[in-house]
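Paired with subunit B in one complex and with subunit C in the other, subunit A is shared by the two complexes that follow.
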Partner chain A sequence: MTVLDLQNVSIDFPTSKGVVHAVKNFTLQIPKGRRVGFIGESGSGKTTTALSAMRMLASPGFVSTGKIFLGEDRTDVLGLSAEEMRQARLSRIAYIPQGAMNSLNPVMRIENQIWDGIVAHEGKTDPAELKRRSEEVLAGVGLEPHVGRLYPHELSGGMKQRVCIAIGVCLAPDIIIADEPTSALDVITQRHVMQTLREVQDRIGAGLILIGHDMGLMAQSVDDLAVMKLGELVEFGSVRQIIERPEHPYTKELISSVPLVGGESFLDPADQPAPSKIEAGAPPLLEFKQVSKVYGAVTALHPMSFTLEGDTPKIISIVGQSGSGKSTMGSIMLGFNPPTSGQVLFEGRDINRLSAAEALQFRKDVQAVFQDPYACFNPFYRVDHALKFPYKQFGYSKSDAETQKAMEEACTAVGLDPSAVLRRYPHQLSGGQRQRLIVARALMLSPKLLIADEPVSMVDASLRATILKNIYDLKEKFGISILYITHDLATAYHVSDYVMVLYHGHIVEAGPPKEVIGDPQHPYTQLLIDSIPWPDVDRDWGSASDARADLDRLQAISDRPETVFRGQVPGFALATG
Partner chain B sequence: MTKIPTSYLMNRAFTLVLTVFIAATLIWIIPRLSPVDPAEIMLSRMAAGGGAVANSDQILAQLQENFGLNDPLIVQYFKYLLNVVTLDFGLSTANFPTPVSELIGQALPWTLGLMILSLIITFIIGNLLGALMVWEHTPKLWKVAIPAAMVFTSIPPILSALLLMWIFSANLGWFPLTGSYGLLVEPGWSWDFIVSVLHHGFLPALSIVVVTFGFWALGMRGLMITVQGEDYTTLAKAKGLKNRYILYRYMIRNAILPQITAFALKIGLLIAGQVLVERIFAYNGMGKLLYDAILNQDFPVIQGVSYVIILMTALSVFVVDLIYPLIDPRIRHEGS
Partner chain C sequence: MTDQQSQAHAGEAQTAQADMSGVTEKQMRRMRRFDNPWRNPKLMWGVGILLGIVAMGILGRIFWDPDLVFVGSAMPRQAPYGFENLRGQEGLLAHPLGTDGSGRDMLAAIIIGAPNSLFVGLLASLVGMSVGIVLGFTAGFVRGRTDDVIRVLSDVMITIPPLLILVVFQAAYGDVTLTMMALLIACFVWQSPTRLIRAQVLSMRESGYVQMARLSGASTSHIMFREMLPNLVPYLFGSFIANVTTSIVTAVGLEVLGLGPQRIPTLGRTIYEAINAGALIQNLWWWWGLPTLLLAVMFIGLLLINLGLDEVSNPRLRKL
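Presenting the complex of A and B:
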């Protein structure tokens, strides 16, 4: 009982520079009720393959060879008229999009966006009947009936994604395509959304294609796994077989690129760490004195104090979900956002009361690496401009030849070939290359402190380890202290000397990573760690109701936050309250 | 839920009053920085008309007294503010002693009728064409024809007006050459008069529509490209919705929002903006009034017209601010 049969499908994109073969001879059958994961890096053709079954390829892509059959009656998808294809979408093959934030029409109520799908396939329907059905599908994904009356901006990311699932299953399709449905969500919400999706998919008995790049999520969510690389299916099998006995080298690489809590370090620390540039006895590098931040009625950050000495370089991780206040902390440290109360001292001086000359020095000494490597470059300039410009502005440059040399050294330090990247425009480089250039840019200015805010969350999994290694080397080889802001506990476990877990603006647990992440004591940290999907098929990730109960438990925690201290490291001192 | 928060209303109303107040003050200050004395201008005009003027010094003094130019500046200013609130801008110096408010009262309906009507037509046509340029299901012929029609946008309005006049009035004789209505019809709510007004207004309106629809079309095109790439448009298609429904309810519905703000700003500008079109068609609107006032250095009229333009802009922005929460639910949140 196959619900989707892809036979020898190839997809081409004719461009002015010749035809791009995005997918080559892809053959796969998806049985009823089965969950199949499509895994691979961006550009591997996994989304393109799935969308071809809906005939929704982005122009000018088209299926050049092969056949696609949908459902038990083996409807020839490529032979349908445009109107027949429209009818088949949602009613027989449904799509759950990636961008939870933007996939709902901002000016329409949720229930209208469920109704218009039903009406488009079943014609004019009695309003009371529509209301009953929208409430039914919303209840199916664990949402209250009143959610139907709301607009998308009034929902959280997890709720929006559950609405998308509700829309996807409202006509009980034969197959559901879920395109990285949890990529924009934090781990706790991810678990809840994923378990909800599995539950409703089980209930209607549809096949499921789950597109993703996270081997851990696949292990917890699917039955079979299709590994794609450069448009080809390189390996297919049950998820257990693929994870336990991968055959293709690319599959092995994907599995090993998932950073685990515990296990071997991928960092390869230097034998002789570089000395810090800060002299002993100097004022602390960075100090928070009772710093808090309030936005209107919301307290983003409760008063907290810490001191980072900086005489031996350290990596301090700040981990938490979206909305925990971790990025607010980052922007306060950079002086972009003055605290509501308290003081931020850099080398003993309040960074919000600097003279112009001191402020310039502060900008030199403190560099940042941000989340989105696409947004960090001006698209009109070649990338070397972004490296050269601050270097010259801050007066480091002695001559053009010297600047060029500094750029080349910085590129080499982050593992890039200077001749291959420096004269390119940002759009000609991959996300990983761009993010490494941002690290190189920071390195050129030889700062004393680096603030890295989610530096690897937008690059492919296989590149994350490399970029983290680059950042880690800044500490090991160049003696730069780093504040690493992330939602990813596994990477924080490996790179950091000290971890602070942030929840609703409170530090709930803090200490060396082996203690905090390896053996969490606070219920919130425990929940965070339980929610991480491991590439371990036997692990029980819990059901949707478990996830729901955990979310309720969180609510209780936020009412009485207290910090669990898990030990000290020299050179860093934390106090809360 | 559909109620607009009071704080939002107060905020916008305050902005309205503040804008108008600042504008009124600027309008008062700027002419006073000029070395030209309006009373002297009047006098010299009288002299030009009738040769030597007897007792010119006395007349000058009297005029300055009448215009209140002898009071201390601060007194003048507050008198002015009080007058402005009651829409009293004094007397026109060029058409002495007609009150400025009367001149504006005569011209404003013509401009509002012509300009706002043509603005609405342009807005609808321009946005629709702009949307069709992007929509993937637009017939091929349209995709070629619409960008070609953009050529008209680069024609200056004066030229398009003359061109239309030459073709439709001078050669074909379909429309009258100039004027707001026929010389033989009596103004009033009669059928003949309305037909005459529409007949006279058609060419000026057309000349404005032809040259300005491109502004809306190009703006809309850019907005539509963004909306077309949004995930909700992709999901709408994946939901199997009908193409036209997606176009109207998902794409245009979202893309049009910034255009509505631009529409409000344009209302004020258009009143003065088509000075030359009104001039060419000898159309008795605000543009022509302003044009004549500038030529004659008729300060009270210039002040009055400027004030009305600003008042109209501020009012239309205010109205859009009031409507906006109803068309974009996200705004309601922000105000509360």
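Presenting the complex of A and C:
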């Protein structure tokens, strides 16, 4: 019993540069009650394929060849009139969007938004009946009836995403398309939302298309997996078969690129680590003295103190979910954001009280790699500007030819072909290329300390390992100390020498990665590790009620978290209080 | 393939490449037109119309006698060539667009008047824009008290109808020059660029490339003028053109009320005189109609430029 049948579907986008064949000859059947994952990098056509089944392709895209049949009566989707298609959407094929926060109408109560869909398909309905049905679907996703009376801004991200699921399933569709429904959520909430989605889908017996790029999430959530690359279906099979016996080289690459806690390291440490640029006996490289940050009524960072000596290069990881205060820490270290209390000392000097000359020296010594590689380049200039300008500004440049040579060397060192990336405009490069250029920039300027704030979270999965390796090499080969800010425990496990787990502005657990992440003691760290979706079919993620219980447990520890110290590494000392 | 090459390849965009096969030559030409966003048909038409008006002013002074607008040397109320006036007199080639109530040549009035009206709009907008850039950057960058003052001031100024103040001012001041009028109007067109630039600067100062520039030890002026300003250019152009339109409307409004410069011919003053002399009921359509038509053409040109600039700064609006 097939609920969605895509036959030889090709999708074209006519653009000013020619016709882009976004999807080529895509054939797939989705049986009733089956969960199918579409996995692939951004731009591989997974969302486009799914949206074509709803006839909601972004203009000017259109289905150039092929047939799409929906449901057991094999309705020809492409042959429907606009009104028939409108009737089919939501009632027969539902879509759960990526960012729930932007998908709900901010001026309407939740229940009204659910009623909207029902009324649009069934006409005028008795208010009491509407009320009963909205409460029923909300209960189905584990939300209390009173949530229906709330406005979207009164809900958390996970609750909003569950409301979107409730809206999607309120008319019991034949098939649900979920487009990266958890990409904006942290791992703990992600687990809860995914399990809710699975349970609801099981109950109504619909087919599910889950679009994503996370192999672990797929392994925990779907039955079959479709791997897409450049608009083509390169491999299709059951999750177990694909994860355990991938055949296509691209699938193998996708699977091997997922770093695992305790798995094999993707790094190759140098035999002879580069010496630090800091002489012994100099004041510590970076020192936090009772630093805290308060925004109005919210304490982003509770007072904390630590000392990074810097005489041997180290990678210190700061791990935490969104809102844990880790990015605030990063901007305090860069001097972009003065702390509310306490002092940040760099080589013994308070970074918020520097003279102009000292400030320039500080900028030379402390550099950063930011999260968003798309925003880091000024779209007005060629990418060279981002590398050339600071090099000249800091007085490293002797001549234009020498600058050019330095740029080319830095590009080569991070594995970029200089002739392919230099002299280009940022929009001509991919996210991965841009992020590596930023790493190349850091290498060219050769600072003493590098703040890497989520350097790979916006880069496609297959490139993450390579970029992290580039960053790791900065420490190993060039002697740069690095503060690595991330939400990803698995990468922190591999690259760092010391890990601090941040929760609501408190350090809850700190120590060498093998102890902290390999064998967590603090309940929050344990919860984080348990919530990671493992790309292993046998390792179960637990049910929605487990996830619910874990969220409650989290609530209990949020009041007064204690720091669990898990050992020391030389050159770094932490003290909270 | 060496390891390095394969790494470089892995970094390339993973999106499908565009396919140019099966595209006709005509379509190709249409597509190529969009390679350079500034070669936008609307933009080119709009600029063409405005340049046409400027060219008319220049060529007119060479090939026609501009003095005819100051001296009523011809028979009054003559119809344009090929038409008859109410007295049944044929229009003459000596005054191809007819004459006004005191025998002044309409062609000369347009040749002199149209560029004058455009000049007032451009000057007022240029001054207002410059003030707006300075205040907007200051507010967005300095923040704090300065920002509050500038923001409240521009918000308050936006609520005041400019025509009201200008009418009072000009009535008290008497005759003004074109430049003086432009400067007066400029006092009322700096608010929207200020608000626009302030908003853009506020969002841009948190953007990645500005943070990168700060990390690179860039000075504030470098960040303002080398990093931020170039990205504001499409917005600035759009706002500039919108301001030119507003300024011309305000200037013409004042002139039609008889509050414009008395000694300098402008399109607005011609309309004012026509209305005053009862040109509407006497069916002297060329007297008020020609300046109105020219103003309409000018506004259409400005509108086209604005639409074109919108497409330049927002590629989503471009259509094949």
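Here are a few things to note about the model shown:
Keep this in mind: the second predicted complex is superposed on the first by the 577 of 577 C-alpha atoms of A that agree within 3 Å, B and C clash if a C-alpha of one lies under 4 Å from a C-alpha of the other, contacts with A are read in each partner's own complex, and residues count from 1 in each chain.
Note that in this section contacts are C-beta pairs under 8 Å (C-beta built on N, C-alpha and C of every residue); 3 or more make two chains touch, one makes a residue touch a chain.
From a predicted model like this one, the values you see are computed outputs, not experimental measurements.
In the model built by aligning both structures on subunit A, subunit B clashes with subunit C. Residue contacts after overlaying the shared chain place A:T412 against subunit C, while subunit B stays out of touching range. Shared-chain residue A:Q568: touches no atom of subunit B or subunit C.
In the superposition on chain A, A:T125 makes contact with neither subunit B nor subunit C.
Look at A:N8: by the touch rule set out above, it reaches neither subunit B nor subunit C.
By the touch criterion defined above, A:G45 lies against subunit C but remains apart from subunit B after alignment on the C-alpha atoms of chain A. In the overlay built on the shared chain, the residue A:S238 is in contact with neither subunit B nor subunit C.
Set against each other, subunit B and subunit C touch different numbers of residues in subunit A, with C touching more.
Contact with neither subunit B nor subunit C is seen for A:T65 once the two complexes are overlaid on the shared chain. Only one of the subunit B stretches 132-140, 150-158 or 222-230 carries C-alpha atoms that clash with subunit C in the superposed arrangement, namely 150-158.
On the subunit A side of its complex with subunit B, the touching residues are 54, 56, 59, 86-91, 94-95, 97-99, 102-108, 116-117, 120-121, 149, 151, 153-154, 164, 167.
Touching subunit A in their complex are the following residues of subunit C: 4-5, 7-8, 10-20, 22-23, 31, 34-35, 207-209, 211-218, 227, 230-231, 318, 320.
Residues 1, 136, 230-232, 234-243, 245, 249-250, 253-254, 257, 327-330, 333 of subunit B are the ones touching subunit A in the complex. Contacts from subunit A toward subunit C in the complex involve residues 14-22, 24, 41-45, 60, 229-231, 334, 336, 359-360, 363-364, 367-368, 370, 372, 374-381, 386, 389-390, 393-394, 412, 415-417, 420, 429-430, 432-433, 436, 438, 460, 462-463, 466.
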